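Presented sequentially are two complexes of chain A, the first with chain B as partner and the second with chain C.
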Partner chain A sequence: MANRSRAEQGVLGVVVVLSALLVWGLLSGGLGPAYFLYLLGLVGMYVLLSFGLNVQWGYAGLINFSVAAFFGLGAYGTALLSAGNSPLAGGLPPLLGLFAGLALAGVLAVVIGIPTLRLRADYLAIASLGLAEVVRLVVLNQNGWTNGSAGLRAIPTFFEGWPVLGSFPEQMPTLVVDRILVTIPFVTQFELLGIRLGTSFWQGVLNVGLVLVFVGVTYLLLRRVHRSPWGRVLRTVRSDEDLAEALGKNTYAFKMQSFVLGSLIMALAGVFYAHLNLFVSPGDLEPINTFYVWIAVILGGSGSNRGAMFGGFVVIAIREGTRFLGDVLPESFPVALPNALSLVETTYATVVSNIASTRLLAVGLIIILVMRFRPEGVLPPQRELIWPRATEEATEGPTSGDGPTVTADGGDRGADR
Partner chain B sequence: MSETDSDERASESGSPTDETTRDLDGANRSKEDVVLRVDELRKTFGGLVATDDASFEVERGTITGLIGPNGAGKSTLFNLVSGFYEPEAGRVEVNGTDVTGAAPHEVAEHGLVRTFQTPRKLEGMTVREAMLVGPQRQAGESFFALFTATDAVTSEERTNLEDAHRMLEEFGIGDLARQPATDLSGGQMKLVELARAMLADPEILLLDEPVAGVNPTLANTLAEHIERLNEAGTTFLVIEHDMEFIMNLADPIIVLDQGHVLTEGTPESVRSDERVIDAYLGGGGA
Partner chain C sequence: MALLEYIANGLVFSSIIVLASVGLSLVYSIADFANFAHGDTMTVGAYAALVAFGVIGGLGAEILGLPLGFFVALAVGIVVAAVVAILTHKLVYEPLDIDSIGLLITSIGVAFVYRAVIQLGFGAQVTEFDIQVLRPIDALLPLGVRMTLHDVAILVSAVVLVTALHVLLQYTDLGRKMRATADNPDLARVSGIRTDRIKLWTWLIGAGLAGAGGGFLGLYSSVSPRMGFNILLVVFAAVILGGIGSIYGAMLGGFLIGMIDQLTPLLTDVGIPIGTEYSYAIAFVIMVAVLLVRPNGIASEVGS
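Let's look at the complex of A and B:
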């Protein structure tokens, strides 16, 4: 227990430090507010993707290497219906696109699941690896359907055509916050703020609101199913499929449900991305995106919803944070070293001038460190997952202390919203 | 218990067509209240005939033993009966329903539950949580019921949790309820596995070497539990290598050799049967 709370403190610490850096970036004008909101949107998107993979790998032990494909189907599903230059439909409301994207991903999940989920886990891994490439190449080459490598442009924002929210960014006044000169006597003085909050800022606010709703609803849904008998069967399948079968569980049906649910959540992330970025191209379906999501899930702790959230956050922090690192760090090693240590200086110079490429190195290092020192992930799942309301009166226990009724009811309200 | 004299058995023996010169009685096929009926079951792996037209019956209310030398095909037979292997020929009936070729979970739904030779660990679960996997057809195992029928799910889960605690108490391991399921000793795992299988409410429980690697004291405890559950109405079919254990526990005992049913009888008659001794000493066709 002490160990866990220490992990939670560590996570909290990391989040606080990163948030403080971001706030500083905002205040000092180094980070544009609209771009900051865009980053938040990306974090939300990665959290959704991690949720999806967690349902498949973390709950049921399904190895899915086509995260990018299901994400892409969500993005292309909605873009093909709503984008200005869509060769198929175009101009349709994004809400329709949402359902189209989810339906596409759901159908594909069933189609790929039927032959592979009856077999052992490795077959799904191999099949999904192939599937990801097939989907990407179809999108890239079927110009008549998808516009090929040119991608789909002029995608409307998600709320376009909605009563109030549709014109919200244009209607909001542009706020200008003047520059302030802050002086700390005898130490230093620096400039703060000087920000202009215009249409793109308000659009960003809408996007972040949207992804918060997506993430919130998904989280409440997952929290409920994870602690249910349904989730318990999935965890049994993950540990020992034969045992689950011997106890009368139709493991194929359970694996299929987990696979489809996870794929739908990934597609939801894709739908959000299309309306955030307003442009999708086959590049978004690159396999590297799949592996970023795997890293997020493993880093956070397989089988843990909170872990998936943290993992998604960290991956974006690394992916986007390294973009800035190059500008911040001095170009040559700040301290003059003796000749014997010239290797340090040259290595430093190489790393700083190729900061974008060292991103993968950083990700790899983190994974190695986590696997070595905390193989269960930073925030592993809680030890005991029993339908919360069942433990309330039946038995004493620490699980009944953290307000399980609120959990269940909160889930209802969240889902209705 | 089924008391059958040897004459009747000889007349009913299922394999007079045997091409070998070996003297096989086969099993007693004239039992009255049959829970599990296995008919001419056959399975080969490449050139190896693992199960060769095996036929036998398990009568309700018995603890039936299944013994045989290494490689006699006991585990293959278990896998065939419980649906993990698909037989090439023959028929399996549970409670009069044909379950030949059915998936393991379908066989389990008809009331036949099995355990495994090596206890299966459920990582990341507590003991009571692992116990809760046992009950069959839980309302909360339906995804949509989690949102549409929360009250039913809650009340059922509560009942199941109480059952799990009670079952653990009955097995004398109530204090383990909140332990991680992976931190148990081998013997405790066997107890938990048996207790969990009982939560599935089986009519017949197949135990695959329940006391393999278990100390003698715990083996006695296990035997007592099996007898207790048997008296409460569960039928058992037990594979075991520990002769003393199975001879004290089971009646009748079915002897398997080279995929055939060699004979069936009381522990005394099996113990004194020359052919059984031959089979164990590797005489085979001597």
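Let's look at the complex of A and C:
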């Protein structure tokens, strides 16, 4: 495609390079296939979280700093019903847990929304961060309900008890791929493959399939919603709330709807996480998890669902990549330096041995740098806001000079399939 | 009798919250955004004071049970916090071309950078000032109040600093300019006030107060990289309770939130099963409740 922008080419490049690294890891046996699928599941989860935040921040301009709370409520909602050591119920089917998690998050969204959505945007930021902390404290301290800091274990997989899928991983045969010795004459020789694809692999396949369904359905829903009259009102609210009011729109209702919709998507991600990780604890509700999602959205481009996908990918690369680097990098600086540069050596040693702090530093720097150099994100929403038919007509028409514009009343008319 | 003790504790904790919330409110009104790095500025002040105290030691003389060296170290903490804030303003905030929401998001990045650097330098563990813990003051024990001289020192220092800020704002040229800039930056600029310079002063004073609050918080409990971020929400609650941008409102809000926080044990005393682990949560729920009734804070008529 020749008409990609430079940013799109760059994003494509990053994705290709990261994918190539992952494939190499798989082939060389450094990355277990089951773990690879787990990572894919996490990427899907972050994409869902970013979609949710995009509905709130990207579409309607609502600063929600309680992403972790909605995510956590989704996870705890389903875990409390289905986990083996749940103090409340336990053993119930995960599908029921899905609805419980979504319901909890929906209620919390309304409760947070009522006092804050009428106020200036920064009140919502502060109040939502605070209420997220309240939720975390309740989960942490109400041992009788949530099992406290010990967390909930023995959560079944999402498909447990389903007719065919429930026993799919056990029934699939274990595939064994033998090691191959690859020799490039006179250069090097190395071993490839040598992988066993057992139950955990097939379970991973199921999980990735599940998250693909979640992401796919959400994406299609959001794309439709974003281009609908409802989505256009939201974008108006974001850019000029007074204008939306003047046009007779009840902006409070619109903001509340988008807040709840976004929160439900975050809770969906939480439900998926509970059945992917099979263990949830109050640590999953830490505020830092909220800001990972924020990075995904502002890096990808606020309001852009393509950007949200890219952002989710990058966040997992940061989270898991730094963990991987911490394991791989040597403890001390590999090259001996003259004494004058001993500062470099000590800094290096500190950075490598405190990989969690380094990750926090990277997160902070990324936020600052994105806001400084590309506040609109890497992939800001452009064409995806416009019905495809509209661009075709505009480029064919005689007045293609100032590009296509979305009409205020109904883009639907010219665009029925 | 327990009530008196809670009130005494509340006074001390309020002093710390007031120092922090006044600084936050000052920055909020003049730089015009919610600075999420304010809590971590407190942490910076606390660590600077900790290091300085380790270097200079006690210096012999004692004031209110605290070695003179602690006050010198506290001054170092104030200066370092102010310098860091001004550098951040120059390097990060000033070149930005975004609205106040963008600044707010950026300030979270700044907060993470502060905390990460502190963690890299000092580790994530909890430390304390190397100052002997004092016995409670004997004269107050019959009243059921266990309060040490250190608590009194925190209280007195906070009163001194806040009074100094009050005098600065009301009776000096700089204070008048600051109030004018907070009120209407455009009008202030056309009146010949160099608002850029006022902004620098605001960062200096606001972050300095945060540094002092951080130092006292470290003395009151302990010093750890998360101390500032943990208390940030309580400080925000105080600022919102008092009405965003109102400095006297922030004083009142800080006082109330600090009191409420320390009065939490009363709930268990009267039989409500909500323990002190929820004290921050209660402060927060109260803030949200106030927002419902009075969106502009309790001191909205008074203004600054």
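A few comments on the model shown:
The definition used in the following text is that the second predicted complex is superposed on the first by the 357 of 417 C-alpha atoms of A that agree within 3 Å, B and C clash if a C-alpha of one lies under 4 Å from a C-alpha of the other, contacts with A are read in each partner's own complex, and residues count from 1 in each chain.
Following the convention adopted for this analysis, a residue touches a chain if its C-beta (ideal position, glycine included) is under 8 Å from a C-beta of that chain, and two chains touch if they have at least 3 such contacts.
Note that the structure is a prediction, hence the values are computed from the model and not measured.
By the touch criterion defined above, A:G303 lies against chain B but remains apart from chain C after alignment on the C-alpha atoms of chain A.
In the superposition on chain A, A:E331 makes contact with neither chain B nor chain C.
Touch criterion met: A:V225 reaches chain B, while chain C stays clear of it. The intersection of chain A residues touching chain B with those touching chain C, taken from the two complexes, is empty. Listed in rising order, the residues of chain A touching chain C in the complex are 61, 63, 114-116, 118-119, 121-123, 125-127, 129-131, 133-134, 137-138, 140-141, 287, 291, 294, 298, 350-351, 354, 356-358, 360-361, 363-368, 371-372, 375.
Touching chain B in their complex are the following residues of chain A: 224-225, 228-230, 232-233, 235-236, 238-240, 242-251, 254, 257, 261, 303, 380-381, 383-387, 389-391, 393-395, 397, 408, 412, 415. Interface residues of chain C facing chain A in the complex, by the touch rule stated above, are 33-34, 92, 95-98, 100-102, 104-106, 108-117, 119-121, 123-124, 229, 233, 236-237, 240, 244, 275, 277-278, 280-281, 284-285, 287-289, 291-292, 295. For chain B in complex with chain A, the residues that touch the partner chain are 82-84, 103-105, 108-109, 113-116, 120-126, 128-129, 132-134, 136-143, 146-147, 150, 153-154, 157-158, 160-162, 165, 178, 180, 196-197, 200.
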